[in-house]
Structure formats: C-alpha cells, structure tokens
C-alpha cells in the first residue's frame, strides 16, 4: 500500500504546475467560435518567444515529440535525400531510425554514449560535401537517455564555415524551455519540442518552430504528409484556427505555461535549471562519489542526469526499489545503457526543496540495492551548494 | 459581458462528463512505471468492446480523427492503389483529399449532400472490378457536416455479393460510441474514431480498431509511416506500454469514459442518442416546420442535425446570434452548405433537460435572425415526445 | 440510469461558475504564511462592496447562513432583550426560533405566507415603543421558501419615522449579490449572507457585514459567543489573519467570485437576475397559467419563484418526477407550503439558455404529474420575453 | 519569484491527497435530493469508525475544530459548572479560554510546556472531588503547539479509580486519524476533530463524536446553542439530511478520505505516522543534535515535532528563510514558545520521500539562519532509519 503521491523525477513528463493543471480543468469548447482565434494567435506568437525566434513559424500539432520529428522531415525532404546525423543515445538513435524509414540516405556518425554531437566531424563531412548533397544536418540538443547536451551553435558554425546550405534540424524535446536555445541566432531551421518537458504540460502536443528557409523547402519536398503538413496548418493558423480539431485543453494549459515562463523570465528559467542540476551533480560527485554517463562538464545536461552505478550493481534495482518502496519514479537506462544508469530528471516546475525528494529517495534506494553511498552525503552536498550559490533568478549560479 | 457557461451543441467536441474531467485532473505520471501496463492492457481491451470487435486490434494515438484516417491509409496501402470512395459532405471530402495526397488512385463517387454512401453504386463498381484492383472501400458512417448516417452493413453486403476482397475502411468519428457500430459483424477492416465525440473526451486521441486482415496488409503496404505506424504500437502495446510518450491524462479520462459507457450499457447509449435526436427532429419538423439537410429518415443522424434555413435567410446569422447573445455554440455549415444550414450536435453526455438549452437558444436566435418560428413550438414538440416516448435505457423509443 | 449532469435549480446552492470551481481546486495552504494577509485584506474589502457598505465591517466565518444569524444575535444582544420579527416562510420562522432559543423576548408578527415584512405594522409597533425596549428589528429580505422579497428600505423608514434606535438586522442569505441591497443607504446594522447563493460558492461560509453601531453593541451584549465572536475575528482580521484556521479553499473561491461580480458589474448582476426572473414569471403566468406563492408583483423575488400547483395536484410529484426522470432539481415546498408549491431557483451563475433547462424540465414533470400545461407554452413566453427585452448589462429589462 | 509548489509542513492544514482534491472538484448539489441521504448515512457511520466508536454519535458541522470545542461544551454543560483542565500549550490554553467565556468554573492545572496532561494530578483532584462537582474533565490528546501527546487512557483510569462520573472531553484535532485514538475503549464522551489534519481535507468541518452519556447531558445543559446544537443535527441526520445546508463539497472529500483510510487500514495509518515521525526525530536528535520541545519520549508526538533552536538563535529566522527562500512552510512557535521553536508537521498524506522536503528545507534554512547543523546529517539519519526500519503497513517500526 503506497501512500502519498508518486514523486516524478523522470526526464519528462515533468511536474505539472498546479496552475497549468487548473487551466486545463475546463469544459470543452467550440473551436470554431468567433473569438477562438483571439486566443490562438497570441498563443502561437508567445510560443515562438520560447524558441527565441523572430522570423520563424510555430506549429502546434496534436501528437508528441515523435510527431514533431516526423513533421520536420516530411515537410522538407524527399526520398533519397542525404542527411547528416549522429547517434549517441536512444533518442538520437530513434530520429535516425525514422529518417531511414522515410527512405532518406542517412549518414549517421556513431559517437560514444556519453558524448554528444561531434561538431568537428560534422565540420569535416560538411567541408567535404562540395556538391551540397547533404540536404539537412540533424542535431539532438539534449540526449535524454544519457544526459548529454550538445553544442548547437557549434553545428551552425560548422555549416557556416563550410558555407553549406543544408537545413539545421534540432531535437530540442528535452531542452527547449529549460536550457538555452536560440533559434534565430543559431540559424536553426526546424526545432522540435513536445509539451511534456520544459513546457510543463501533459503529453499530447508536438511543438515545433520552422525557419522561413525550411518553410520554402515544402515546394520540392516529396515525402507525403497530411496530418503533420505545414500547408494546412499555416493557412488555418493565419486566421487563428486549425485544419482539424485542436486539443483545446492542452492549448489552455500552454497559455498558463507560457504565462508562467514569461513571469519568471526565460533566462531565469534557464538559470534555475542550471542551479538545480548543479546541486544534483554535487550530490553525485561530491556526495555519493559516483559518475555521470556524460563524459565531461561540457556535456552535462541541466535537465537530466544519468548516473552510472558501480559495475557490480544493476541500476534497475535502484529504480525498482525507488518506485516500489519509496513511491519515487526515476528514469531507467535505455538500450545500450540499460542496467548501467539510472536517471534523475530535474526539469520543469521544480525548486530545491522539491528536488530533495529525488536525492533522498535515490539515496535510500541505492543503499537498499547495495550501493552503499554515505547516508545524507548527496543531500548535504546539494543543499550546501543551493544554500550558498546565489539565488535562482538573481544571477547564474557561481561555479 | 457573457455570463454562465457556453452551451456546447456543436457535433463534437461534446459535453465532457464531470467524472471524465475529474479523472483527467491528475498529476503527470511515469509511463514506464512497472504497473503502468496494468492500466493500459484492460484499457485497450475495453475500448475494443465499444467497436464491437472481438478479433480486432485497437490503437490509441496522440492525434485526432484525422490522424486516425492517416493511420488507416498508410499502414495498409501503397502509392497508386485504387480505392473506392464517395463524397457527400465536408468530412467525406477530406478523407478523399487525404487519399489523393497519399498518391492513391481514388475512384470517388459524387453524391448529393444530404444523402450518404451510395451502396448500390458501390455494389455495381465492385461487381465490375473483376480483377480486384480496388484495394479498399471507404465509407463515412456519419457525415458530420450534413447529419447523414450511412448503411455500413449495406457496404459489407455489396462487398460480399461481389465476393470482393477489398478492405472496408469506416470513418466512425462522429458515430462510434453514439450510433450502433459493429466492427465484427459488418466485417469492417479499419474503423476510425476520435476522443472528442462519443468518447466524451477532449480532442487529442485518434482511436482506431483494425481487423487482422488489415493488420496483415502492412507487409505489402508501401506508404511511409512512423508516428502512426501500427508496428511499433502493436509491439509495445502487447507489453502494456507505448513506443513514445502516451497522453496519459487523456488515457485516464478514457478509462472513466469507458466505465461510464459500460455502466449505462452500450445499447442504452445508442437508444438515448436516438431518443434525444428524435426529440430534436420533432422540434425541427413538427414545431419549427423546418427541414433537415438529410434527405429522408433513412439518412437521419442520431448525433447531429443539420437544419436548413429558409432560402431568404443566412444560417450564419442564427449561429452568430446564438453565440454572441445567448452563449450557445451551434455548428456552422461547412463548404457547400455554408449559410444554408446550422447544426445541433446531440451526442455525448446529454439528457433531455440539457438539450432544452439548444432548442431554447436556437429558437431565440432564429427569431432574432428573422426566422419566425412559433415561440415554444420546437420545445413543446420535443418535450412532449421525450415525455411520452419510453424512457431511454428501457426500450427503443417508439416511433 | 441517469445520464448528464443534475440541472440544479434549487434556490441555493447554485450553479458554481467553472472559474470558481477551478479557483478552489488548489493545494491547501499555510494560513500563517507571511503573505497570506496580502490575500485576505483586499478580499475582505471587496466583499464589503457587495454589501454596498463603506463604514461596515465584514466577517467571514466557516459555517453557513445559520451561523451568520447566530453571530448577528450573540454579538449584539442579551438574554431577555426584546426584538421585533415577522414570520412568513420557513426561513423567517427559523430565525425567530433561534432568537427564542437564545432567550430573547421575541415579538413575532405572523404574516400570510406569500407576503413579506409587514412594514406598516412594524411602523406601528416601533411608534408605540416609546421606551425603546425593542433592541433589534429583524427583516428577511428574501424569503427563500415562498419567493417573496421584502422592502428593507421601508423598514429603515419605519425606524426613522419612530426615531427608534433599535438595530436593523437583515437576512440577506438569498438576496445579497443577486438582488439590490444597500447596507449603508438603508442603515442596516447586521446583514447576513452565506457562500452558496449569490456568492456562487459551495456552502461553508457565513458572510456578514456589521455596522459600527452594531459593533459597539458588543460591550453590553451578554450572550456567550466564541466561534462566532466578532472580537477575535476583528482583531486578527486587522492583520490579515484569522483567530482559527480559515477555510482557505473557499476563500480562494470567493476571490474568483468577487472578481466575476466586479467584472460583470454589481448593478448588471442585479439586472440579469431580474431579467431571468421576469422570463420565468412570464412562463408561469402567461405560458403555464399558474400562480406564484408571492401575492403580488411587489413581493416577486428575482432569485426564486415558488409556483403554486392546482389544488388537486401535489407539488412533490412534480419535484420527484423532475429529479428521477429528468435529472432536474427543483426546490421543494417547506413546512406550511409543502405539497403546494415547487420552486425554481434562478440565482447565481445563470443565463437564459441555462434557465431553459428548468423550464423544459418543469414542463415535462408537470405534465407527467397531471398538470397539463400547454407544451412549450412556458418556454415560448420566457424566450420571447428574453429575446425582446433589452439585454442584461445594457439596461434594466423593460416592463 | 518563487517556483514550484509551497511544501506544506505545518501541522495542519496538511497535504491533501490528489484523490480528495478531485473528489471535491464537483458541481454543487441538491442537499434535499431523494438520494442524498443514501450518501450521508454511510458517511457518518464510516466516520465513526475512525474514532473507534461503536455506540457514539458522529456530528459533522460546517466550522472548524474550534467550533467542535464549542459544540462539546454548549451541549453538555451549564454556566457555573466546574471543569478540570490543564494548560501546556496554545491550543490547550484556547480551550480553557473558551470554557471561561462560557462562564464555566475552570480548574486549570498549569503544566510546563513540553509536557502534557498531568494524569497523576488529575487523579488527585478527581479523588478529592467526593461530591462530584466536576462535571467534565478536558484533555488535549495532542498539543499541536509543542508536539506533545498525552495519555488519554490514563485520564480514563484516573476517572475510574476515583469512580468519578465526570464527562471526558478530548481535543483530538491533531491526533485523530493519525495517532491511535479509542473512543469506546477509553470511555471518551466527546472527541473533537477537524477536517484539515488527519482527515486530509481543507478546513471547513468540525468532526466530533459523542457518547450516549454525553448525548443525555443535553437535557440539563443550560448553555445556549443553535448552530452547533446536537438536537437538530441528530434529528435530521437520522434521515440522512441536515438541519441547514451542509458543505457538500467537503462531505464528498470526506468520503474519499475515509475510503483512503479504510484502504490503507487505520492501524497502518498510525504506524506510518509513527514511522515518519521517528525518522524526523532521528534527524533532530542524531543528525542535527537539537532538542524537541517535548520533554521526553513519552510525550513525543507522531504528528508534529516542535524543534528547539539554540538559545542564541531565533526560530522565526528559520521559518521565514524556509518560506521566502525555499518555498517551504514550517510551523511557527506560538505564544510562550514564539522564537524558541519551529515545527515540522508530519501528518496526513505523506511518505518518506515527501518528508525529505521538510528535512532538506529545514537544514538549509537553519544554516542560513546561523544554526550550523552538519549538512546532510538530519537527512542521513532519517533516511537510514526509514530504510532499515520495517516498512510502514507491515509492522510497527522497531524502536
């Protein structure tokens, strides 16, 4: 018999703000009402701000991040098109898999799990592609499976250095609205996110932002698309409506979420995520004396930490004990790192005291599973960091 | 300044039961939790019952009915495949449009709006197709735009008479869970529905049921699919999980909706819809002396009535007055019937007293718009029918 | 098996606005938090505006209107004090009963049920009371049991004419926030209301407003009081806090309710109530050819109509059929008028289309019970009035 | 700018279960509906079980625990009646104050704050009261201000030893449904609780249980009572209804709360509270090296710990930092212990991981306030206890 709530520390879905939950607790509504467009238009505009885009076009589809990936591909590419990708975790893998299913000619660079987009190799490949056969370059900003953040600005520099016209497609599902992302500045062409991560909503929306350059690719893109087509959506959105029934309750929730992000300030949201993540890393390194899957500070993710357990242990024991005995959900290790890592998601509507739940539960579950970290050590390291680092919203946490 | 709630009488989204709303007012959850599958498996099984399918496979995608259509097509067909369809309203039109976008060879029979699937013409075409070039026959069970219900059993009989192996694809978006539908008995191969109609949920789910025959078509179907692919979904659903993050709040709502349907009894749900619809028709015919878009009783829909306004009037005036002045949402006329009809949706979580709102508001709005129906006439006719016809749940309303 | 919601047309609790429901759907909170007072102080101030009081003191007790009555009595009077009251319905009766239990010397004037406070008789009694033995005069502004509104300004004039210093105590439970009430202008000393009527909240709060004159009476009032004491409450409220744990969820709901009243405009709220009530009366008089319990237009209540059934019928049959068969709650006849009247509450968060439910359901239930009103007659009369009378919020409905 | 929720660790209101919150998120209802009594009767019966009463009578008043105190007094006693009480904290003090306001002759024994009901002194006083002038003995089972639990069974033994017929009145506001309480076995005559503690509901209900002996006292009790009268309530409750409008949303929440208690098992609820409390005490004693206000293990409360700060510190600094900086609500020191203690409430819907929030936040806030407890020490001690003590629900945590 479990009591209390399940403490949700997977890297998405995240802790939904009560205000968002309330905003969605509404009656259904007439999506053709005369004033519905007055709600939709600013919603799309404000969503765009989260991408730091000025000239882009935002699309919100019923679906999930996976649907967003599909939308990015099918509206811009044709069967046989060459694309440059890299695989370093389950989610970067799945996007590669999708491209292959769509009949693209995928050049996938294999990277050790724990590192991210290989910017230098990308640079070399792009430099070598004198005929510009590569139509799009894909980059996963935050690999959720390994807790690795990649350098998207670096990918843009590689493209620019090679003077390469390929589209830049970014998977920002577990980074956008949590980790700094700059659509315009970095020249991203399609950025894909979902509702259930930094947007702090239930799953159910693919949220993407598209550059005008990518919009223009539709004319030559031969892949079929209807549900995830930009054409119908762009035409109807211009009037404030949708080509098919939109998920109005989620849109109402998104309104609340955007308001909260605006009130906190997007930069403060990023700082808070960094600060919370850094506390968790202090717990892992200084307290528990464990390692992250991420190979170095340059890869550290501020939304999820994948913690490597000692070789003689199985991370699944930690996860199952946390869930069964302490009502705490931790993220599991996927594919290649199954059993080797457990993950703490630290994104969304969180503060220090809330994160204490993950630290406490993980500590108990690890010791239960035979990983004898010092009791209170992770917690003490994290709290002392949080206490002495400057407050979120005032300054970037001192390192 | 409007007060009170907006009375929602469009043909979907419908009035969400308070119990369903409550069921979705939950925290987000771990879709990989050890016990999540214990929730998912019976959910899929119980959804199947609503389709009256025993051997079929149910799929629930984040999306909408439109996504369900796409899933039906892309998992079973290949570019250039010949399909038999018919167009008699905006939604039957849109499915045709989708098939054309997917590069299918569409044989679309044009039917007067107000009638439905031309079963006899289908029979002739199928009979003539000796080489079985037609791979699939499409039928819209309930054309939401015109309030017309078609004879799906008749389409099956036409297929059987011609001994034709084509798949039978049915759009049941605005009929399933409201109007009798029999997947198994009628040999339907793919039935498509959405969450926001008879399932009484918010928009956000495509709910489809697939016959084993259709499942087997995947091997030869060449259209690309990933998000709406049956393969990944089938494999993961078998374990109680999903290939990508599911829309858990909607699934929780679906649980409540299925429980409510089970408690009322599916046949009673159908009877109630018929009874409410018949009352509305009495109001239209006997009270207001107006006509339906549907050309005769054999086409009358039990989920939506499209009311034709006198030639000198514009139905949009009725709709806008109802919305602006009385806070009542009526359905608009789409495409060919724009301005000619307004629609009263009478599906979902409704009873007689609730429907009185549509009758009262429509009466006031019509008189405001210069359609001088006799005050109280529609209402009187409907209520007297409801009062004297036997009670829903006890017997099929006497005619 | 009932489907749909129960249509709530009792004279309180009323239809709670969705916005109020949402506002209360919150976590519990720390009622001693440093910023809790910042919420409480403007809440009390804004509540006072609804009473049209400038110099009064508002108190919000966990409880109900009955608790408010007790608070009014116990903080101002002493055992044996003489009070002037009148009985013309179940609720005016109950307040008399309470005064008697508190050992007051009650001079209760018996009035025919269907009329209200006998202002002229009050005037005579007050005139005759040269020694000012009467310490308080009680008046029920709206007798919920009979649908009768009394002339509070008249009672004030009677007091003034006699130059009588007695306190004026008003039961405004089913009138305040729905029917015009003027604490300051009418010189009311204690006005009592509850959360579940015009304030559109769940039951659970006694909301009262007290003049400074009444506040000063505490010094000599000998009746015991602790829970409903003004002393502790006044002292703590001044700081924004409460002497014991307040019902914070209801207070959050009250905030939303006050915001809604402010946005609509208090005078518009009154006009809307009048307009809806007048439509219901047209249904009763012009449509159904029935009578109200209220003896004439001067007594007509804008929040509740008590409809007299023909002598050969029992109103309870109407009420039970409405509830059991149509899922509609009507108000029952209480005490002396049991079986003779059924009541339609038309107060709170309502519009014309919503009220159609009560008219439709009542019509069906009456005919079921053998009261053969003309089908559609009530509805037609009401709707035609609503349609042609000017819109609520723009002008007082023309008579 | 605070983010995340406020972590609520005051000793009531408590963390409301999501299920309870959902159960209250309903439309208002007709409290005179034919089937309302079918809901009320089992609700009252099941509430009684929580008191472990078989022959008692449960009453649920709109109000708060303070209203419950008043109900206990005014229904059983008369002005001038002698009562035996003891004062050892703010809440035991307030009940004494109420008795004095009601004109009772209070014999109040002063006890050092940190201890509880002085059973031996009670025994002496009762033994000496040969004429049985003492009409009632009052005992506060759990003094919320100091975190002290008293021995109610001991008070019963003292009464029995003296063969004394006085009523035994118990304040169980912060103990009932959290700490073992045995109405029947201990011969308690009136037990008072409120909705916002162990019942895990919002504030708004006084919940009391009354023995038949106390019920019989009404005949001779001269104190006035109407709102809190047992007579009206008993008469109406017998039919499943209430003498005035009940707080239906809270009653719906109570239904959910009772179901949850039943499902967990009342004894398991007690064990869980003990287990969580013991973990907190390990943090305080073994980790932080601080002291409780409670003077020894026999007084330790399983629902609230009042932690004494070092003499040179002010506990208010801890509380304000916890609230302002970490969004954590701790209980303040009241009256005599203001500034000397801060309190952690650990009652209601809680588990170990949830309590980690209080430990983490308190540790940070204490260090911020200059109380330099060892980082992670409290947390480590608590978690190791929780991890190694047997699981709640399986066995009483080993001491």
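Structural remarks
Letters are used for the chains, namely A, B, C and D, taken in the order the chains are written, and counting of residues starts over at 1 for each.
The rule is simple: a residue touches a chain if its C-beta (ideal position, glycine included) is under 8 Å from a C-beta of that chain, and two chains touch if they have at least 3 such contacts.
Just so it is clear, the structure is predicted and the values come from calculations on it, not from any experiment.
Taking the mean of C-alpha positions as each chain's centre, the chain lying farthest from the centre of subunit B is D.
Per-chain CA centroids place subunit A at a distance of 54 Å from subunit C.
Between subunit C and subunit D the centroid-to-centroid distance comes to 35 Å (mean Cα coordinates, whole Å).
In this assembly, the C-alpha centroid of subunit A lies 45 Å from the C-alpha centroid of subunit D. Counting partners per residue, subunit D has 5, 15, 18, 21, 25, 27 as the residues that reach two or more other chains.
Chain contacts in this assembly form a complete graph, since each chain touches every other chain.
Those residues of subunit A lying in contact with subunit C across their complex are 18, 21-23, 25-27.
Within the complex, the subunit A residues that touch subunit B are 5-6, 8, 10, 12-16, 21, 24-25, 27-34, 62-67, 70, 74, 98, 101-103, 194, 196, 202-204, 223-228, 243-250, 320, 323-324, 329, 331-332.
The residues of subunit A lying in touch with subunit D in their complex are 1-5, 7, 15, 18, 25, 263-265, 268, 272, 287, 325-328, 349-354, 356-357, 359-361, 363-364, 367-368, 374-381, 383-384, 386-387, 391-393.
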